[in-house]
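In C-alpha cells below, several structures.
Next, two complexes with chain A in common: one pairs it with chain B, the other with chain C.
Now for the complex of A and B:
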C-alpha cells in the first residue's frame, strides 16, 4: 500500500523529463528531404530572354534564391544578396534568382529599381518551385560544386547565414560530396526569421493577406 | 533612473515575498498569530512594490526612456499614447510583469481577507497561512523571472534614440488593451484556489466552509478567464482578417484547458458542498487547473511549440519547467499523502439526480480538456515517438470536441432541471414536456426552412430544449411568487433571482453558453466567402449583399501608413453600410497587417478584407465573408459575464437568504442547504 501511494507522484517525473526534452527542440525547423540530394535541375527563360540551365553551372557554388516582386521580406533580403554576390564573386559564387508567381514586367522593374546583376529566371507555372518543395518566399538553396544542396534557408537571408555557409562551400574541392562537418542534413536545417517569410499556403493567416499583383 | 527604481522594486518584492512565505508556513506550523500577521503584511507589501515596478515601467514607456531595455524593445516615439500604455504587455518581459502585478493583487486580497478570518484571540487555523505561503511561493517564482532572466529593467548602453514600437498586431486594435488584462486576471487568479487547496492539504483537513470559500475564489478568476477568452476570440475576428475567431492554436488551447477544468471544478465543488462527495476529485481538478496554466505558459513562452502567439525564443523555458516540475511533483505528493483525509461522506442515491448530472458534466469537461491537451501536445509527442514533425489542425479538434460540446449544451438545461438525490419520472415528464415540444417544433421549422447541416441543426434544437428547461426554472418560482404575493411579474422574477443569486446567476451563465453555442454552430456552418478583384465602381454579389468598390486611397499616420478600400454594401439597392477595409504598413512588420471592416448585426455579419490593390488605385482584391449569428458569440460571452457577476454579488444582508418557495419535488427537510445552490 505504501509504495503504491507514492507511485502517483512518481508518475509526474516522466512528464517533466518529456517536457525537458521538448525544450531542446525547435518547433520552427521544417524538415525537408532535399539536403544532401542533388538540386533539381531546371531550364528557364531569364528576364533578358536567354535560356538558363542549372546544369550549365555545374562545378560552381550556386545560391538559388526564390523571390517575388510582391514579397516584402524579399525587399529586406535583397541588399544582403547584392553584398554577398559582390564579395564572393571572385571566389566563384554564382547567384540565380527565381521569380516565383511573378510577371516579367514586375520582376524586371523591381530589379531595375533595386539592383542585382545576377541572372533572374521566371518560373512560369511554378514547376521549379514545386520541385524544390518551396514553402514560401524568400527561400534560398545553397548548392555545392557537385550539384548537391547543402543548406536551405527559409525566410530572408542575413549576413550571418551567408558567411557561415558560402565560405565552406567555396572551400570544398570539386567533386566531393559536401563539406566535412556540415553534411548532417537534418541538423543543419533551420528556418530563417519566419517574420518575413511569405508562406505559400498559410495554415493560420496572421495578416490580411499578401499584396499580390492580381 | 526608471530602470534602477524598477529593478530595485522587483528585487525588494522578491525578498519580501520570500520572507512572507517563510513567515506564513512558520505561522501555520507553530500556530503563532504573530508570524501570520507578518506574512499578511508581507503579502500587501509585495503588492505595493510590484505596483511600483509596474508604474515605473509605464512611466518609462510614456516618457520614452530608452535607457530601459524593455522600452528600447517595444517603445517608439511615433506610437500613439494608448498603444504605448498597453505596449507594456506586448512582449515577454512586460507580460510577466503584468502577470506579477495581477498575482500580487490577488495575494494582497487573500492576505487582507485572511486577516479578518484569523481574528486576534481566536486560534490560528493553519490552513489559511499555508494557503498564503503557497501563493507567496508562486509570487517568488514570477518575481525571480522578472528580476533575472526576463528582467525588463536592464540598462541600455548606448541609449538608442528611438525604438521599433510594439508588435504590429498589437498596435492594430484597441482590443489589445482589453483582452490580455482580462485573460491574465483569469489565468493568474487560478493560483488562489490552488493555494487554498494546497493549504487545506497541508493542514490535513477540509473545513466545512472550504467548498463555499474556494468556489468564490475560483468564480472570480473564472469569470475573467471566460471574458478574456471571448475577448480574445473577438480580437482574432476583428483583427486577423480570416473571418474566424478560434483556430485551436496552442495559446488559445492554453487558455481554454484551465477554463474547462475550472468549470468542471465549479460544478463538482457543489456536489462536495451538498453531499460531501468527490473531495479528491475536486482538489485534483483545481490543482490541474493551476498546472494547466503553468503548462500552457511553458509550452507557448519557451519555444517548445510553434504558435502565432509565441514570443521569440526566450531563456525562461528551463525556469518554467523547473517550476512546473516542482508544482506537479509537490501537489501529487500532497494528494497522495493526504488522500485519507478526503474520503467521501455521501453516496449516490439514484442515477437520475443532479449529482449524476454533475458527474456526467465533470466527465465531459475532463474528457474535453484531455482531448485539447492531447491535440496541443501531439506535435511534441509525435516528434519524440517517431521523429516526425506534424501539426494538429482544426479538423481533429472539431471532430473530437463537437460531440462533447453538444452533450454539454444538452446538460446545461437538463442538469438544473434534475433535483438532488433522486428525481421522479413524473416530475421530469412534467418539466420536459414543453421544452421537448418547442424544440421539436423549432427543429421541424428549421428543416422546413432548408437547414441541412445535421450538427448545426442538432445544436439549435438542443439549445432550444435546454433554454426551455432553464425558462421553466425561472418561470416556476416566479409564477408561484406572483400568485401568492401579488407582486408584478417583473418584481417577482427579480425577487426570486435575488433570493438565490448563486443558483439563478448560474442559470444565466448557462443561458449565455447556449447563446454562444448557437453562434458558433451557425457561423461555422453557414459562413459564405467570396474573393473578387474589383475595378473601381464595380459591384459583386455575396448572398443578398451587393458590394461596390468606391475608391482606393492611401493615408499616412505617425506610426503607420495605410491603404483603404472604400466600399458600399447594400441589400436590394438600399445602402446597408459603408465599409473601409484597410492594409497597414508598420515599421516593425515586414508584411502589411490588415484591418478588416465588419458590419455587425445580430442576424449576420458582413466582413470585408482588403487583400491587395494596384498602386494606381483602380483595382482592389477583396475577400467578403458573411457569417450568420456570429455576434451571438460575443453576446453569449456578455451574458456569461453578467450571470457570473450576479452570482458573485453579495446578497443584501450578508447571509444567503432562503428560497421563498420550496421547489416542486424537492425534499422540504433540508431548506438551508437548498438555498445555497
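Now for the complex of A and C:
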C-alpha cells in the first residue's frame, strides 16, 4: 500500500526529465541524411550554355555551392569561395555553382560583377536542389573523390570551414573512386557521419528572409 | 462448354468490365489524380517555412517540390515511394506526421499512458476517500459518549478535560448548596469521572507517540491524506521543482534578448548583414500582436501615416522586407516631404543597402536625414554606407559622429565607435 503513495507522483519524474532534456536541444538542428551518401548526379546547362555533368568530375574533390543572385548571405560568402578556389586549385579542388531559383541574366550579371571563374549551372525547376535536400541558399556540399558527400554546410561558408574539410578531402587517396560500397576511408566516413547533423538557418537567411526582386 | 456459350460468357464479362471504364470520365480521373497529389503534398513539410506542408506553403521551393510530387506520381511511383525519396533527401523531418517508431512512438504512447495513469490515480483517490468516510463513521457509532467522531487533537482534549473538571466542581457546589440529591450527584459524578479518565488516557497516549492518532483508531490502518507521508511530500516537491525549472528555462528561451542575427520565429531569419542586425535588437517579443493591430488599423484607413511607418519598422525587423517596402512606399507617397516620412525613407535606405543598391540607399537616407536631421537609424546607416559602400571616409566619420552624439548607447555603440575611429584615421591618412 505505502509504495503506491509515492510511486504515483514519482512516475511523473521520467516524463519531466524527458521534457527537460528536450529543452536543451535546438529545434533548428535537423539531422541530414546526405553526408556519407553518394552525391546525387545532375546534368545541367551552364551560364555559358554548355552542359555540365557532375559525373564528368568523378575522381576529383568538388564543392557544389548552391547560391542565388537574390541571396544576401551569398554575397558575404562569395569572396571566401573565390579565395578557396584559387588556393586549392593546384591541389585539384573543383567548384561548381548551382544557381537556385534564379534567372540566367541575373546570375550572369552577379558573377560578372563579383568574379568567380568556376562553372555555374542553372537549376531550372529546382529539381537538383530538391535532390540535394536544399533548405535555402547558400548551401555547400563537400564531395570526395569517391563521389560521396562528406560534409554539408548550411549557410555561408567561411575560411575555417573550408580549411577544416577541403584538405581532408584532397588528402584522401585518389584510388577510392567507386560510388557504392565502403570505398571511403574509415575516418572520412566517420567524420561524414559526425557531420550529419546540420544546423538550419539562424545564421543565414533562407528565402523567407531575403529580398526576392521578382 | 460449347464454343458458342464460351463466346457469350466472354461477351458478358466484357460488358461487366466495360461498365466502370465507361463511368469514369477523364475529368474524374484527373480530379482523383489531383486529390492524390494533394494527399502526398499535405504529408510533406515545407523546408522554407515552419509548420506548413508543401501543399499549403506559397514558397517557390514548396511549389517546386509539389511539382516533383506530381511528376513522380504521373510516372507511376506510389505515394510511399515518393515520401521515401523525400526522406532520403531531407530526413524524417520532412514528414508532417512523424512515423510511429523509435522515440517518435512516445507521441503516440504518452497520451495513452497519461490517460491510464490518471485513471489509476483517480481510482486510488476515490477509494481512499471512501475508506476515510467509513473510518470516521465507524467509531462514532461504536462508543458514542467516550469517543467523538473526529479524531481529537491535544488542545481539544485539554479543553474537554477543563470542561469536565469545571462540571465536577459545579456538581460539588450544587450539592453543597442543597440543590442536588446525593444519589443524583453520585451518578453524574461517575459519568463525568469516567469521561475524564478516557480523556486523560487519550492525552497520555498522545504524549507517548506524537503524530499517532489519539483515539478512535479504525481497525484497518487508515489510509492517510496525501501530505502525511514524507516520501509523497518529497515526490511532490521534486515534481513541482522540476516543473518550475522547466517553466523558467522555457520562459528564458522565449523572452530572453535575441542575439544579433538570430531568428525571430523559427526559420524566419533576420538577415545576417550587419546593418539589419543592429536594427533588430530593438524589437520586443510582442511584435506579431502589434503587427496584427496595425494591419487592422491600416486596413480601415490606408492613409494613416504613423501606423504605416510603425508597421514598416516592425516588418523590417521581422525580415518581411517586401511588406516593409510596400507600407513605407505608401507612407512616402502620402506625405513625401513631412518629417514623419523620414523613418520610411530610412527603412527604404536600409533595405536598398541590403540588396546592394548602394547609391539608391544613400539617396533615400540623405532624404531621411534632410527631413529629420537627428533620426538615429538614418544617421547610422548613412555612416555605414559611406564607410563600407562609398569608402568616403571623411563623410562617414562625420555621419557616425552625429549618430553617436544623438543615439543612446547600446550594445552596438562600441562597434560603431570603432568604425568611426577607422573612418577618421583613414581620412586623416589621405
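The working rule: the second predicted complex is superposed on the first by the 151 of 214 C-alpha atoms of A that agree within 3 Å, B and C clash if a C-alpha of one lies under 4 Å from a C-alpha of the other, contacts with A are read in each partner's own complex, and residues count from 1 in each chain.
Here is the rule we go by: contacts are C-beta pairs under 8 Å (C-beta built on N, C-alpha and C of every residue); 3 or more make two chains touch, one makes a residue touch a chain.
Only a predicted model underlies this, so the values are computations on that prediction, with no experimental measurement involved.
A.B. asks: Does the superposition put A:131 against chain B (first), chain C (second), both, or neither?
C.D. replies: Second partner only.
A.B. asks: Can A:72 be said to touch chain B (first), chain C (second), both, or neither?
C.D. replies: both
A.B. asks: Between chain B (first) and chain C (second), which, if any, makes contact with A:81: first, second, both or neither?
C.D. replies: Neither: A:81 stays clear of chain B and chain C.
A.B. asks: Looking at A:25 after the superposition, I want to know if it touches chain B, chain C, both of them or none. Which is it: first, second, both, neither?
C.D. replies: first
A.B. asks: Please indicate which partner A:9 is in contact with in the superposed arrangement: first for chain B, second for chain C, both, or neither.
C.D. replies: both
A.B. asks: In this superposition, which partner touches a larger number of chain A residues, chain B or chain C?
C.D. replies: For chain A, the partner with the higher number of touched residues is C.
A.B. asks: Based on the A-chain superposition described above, do chain B and chain C contact any of the same residues on chain A, and if so which?
C.D. replies: Common to the two interfaces on chain A: residues 5-6, 8-9, 11-13, 15-16, 18-20, 23, 27-28, 30-31, 72-73, 76, 203-213.
A.B. asks: Quick one: which bits of chain A touch chain B in the complex? Just the residue numbers, please.
C.D. replies: That would be residues 5-6, 8-9, 11-13, 15-16, 18-23, 25-31, 72-73, 76, 195-196, 198, 203-214 of chain A.
A.B. asks: Under the stated contact criterion, what part of chain C meets chain A in this complex?
C.D. replies: Residue list for chain C touching chain A: 47-49, 59-61, 64-65, 67-68, 86-93, 106, 110, 117, 120-121, 124, 221, 223, 226, 229, 231-232, 234-236, 238-239, 242-243, 245-246, 249-250, 253, 261-263, 266-273, 319, 321-322, 351, 354-356.
A.B. asks: Can you name the residues of chain B that touch chain A in the complex?
C.D. replies: Result: residues 169, 240-242, 247, 249, 295, 298, 302-306, 308, 313, 317-318, 321, 324-325, 328-329, 332-333, 335-337, 339, 379-380, 383-384, 388-389, 391, 393, 533, 581, 583, 589-596, 609-613, 621, 623 of chain B touch chain A.
A.B. asks: If you look only at chain A, which of its residues touch chain C in the complex?
C.D. replies: Touch residues, chain A against chain C: 1-2, 4-6, 8-13, 15-20, 23, 27-28, 30-34, 37, 72-73, 75-76, 101, 125-127, 129-136, 156, 200-213.
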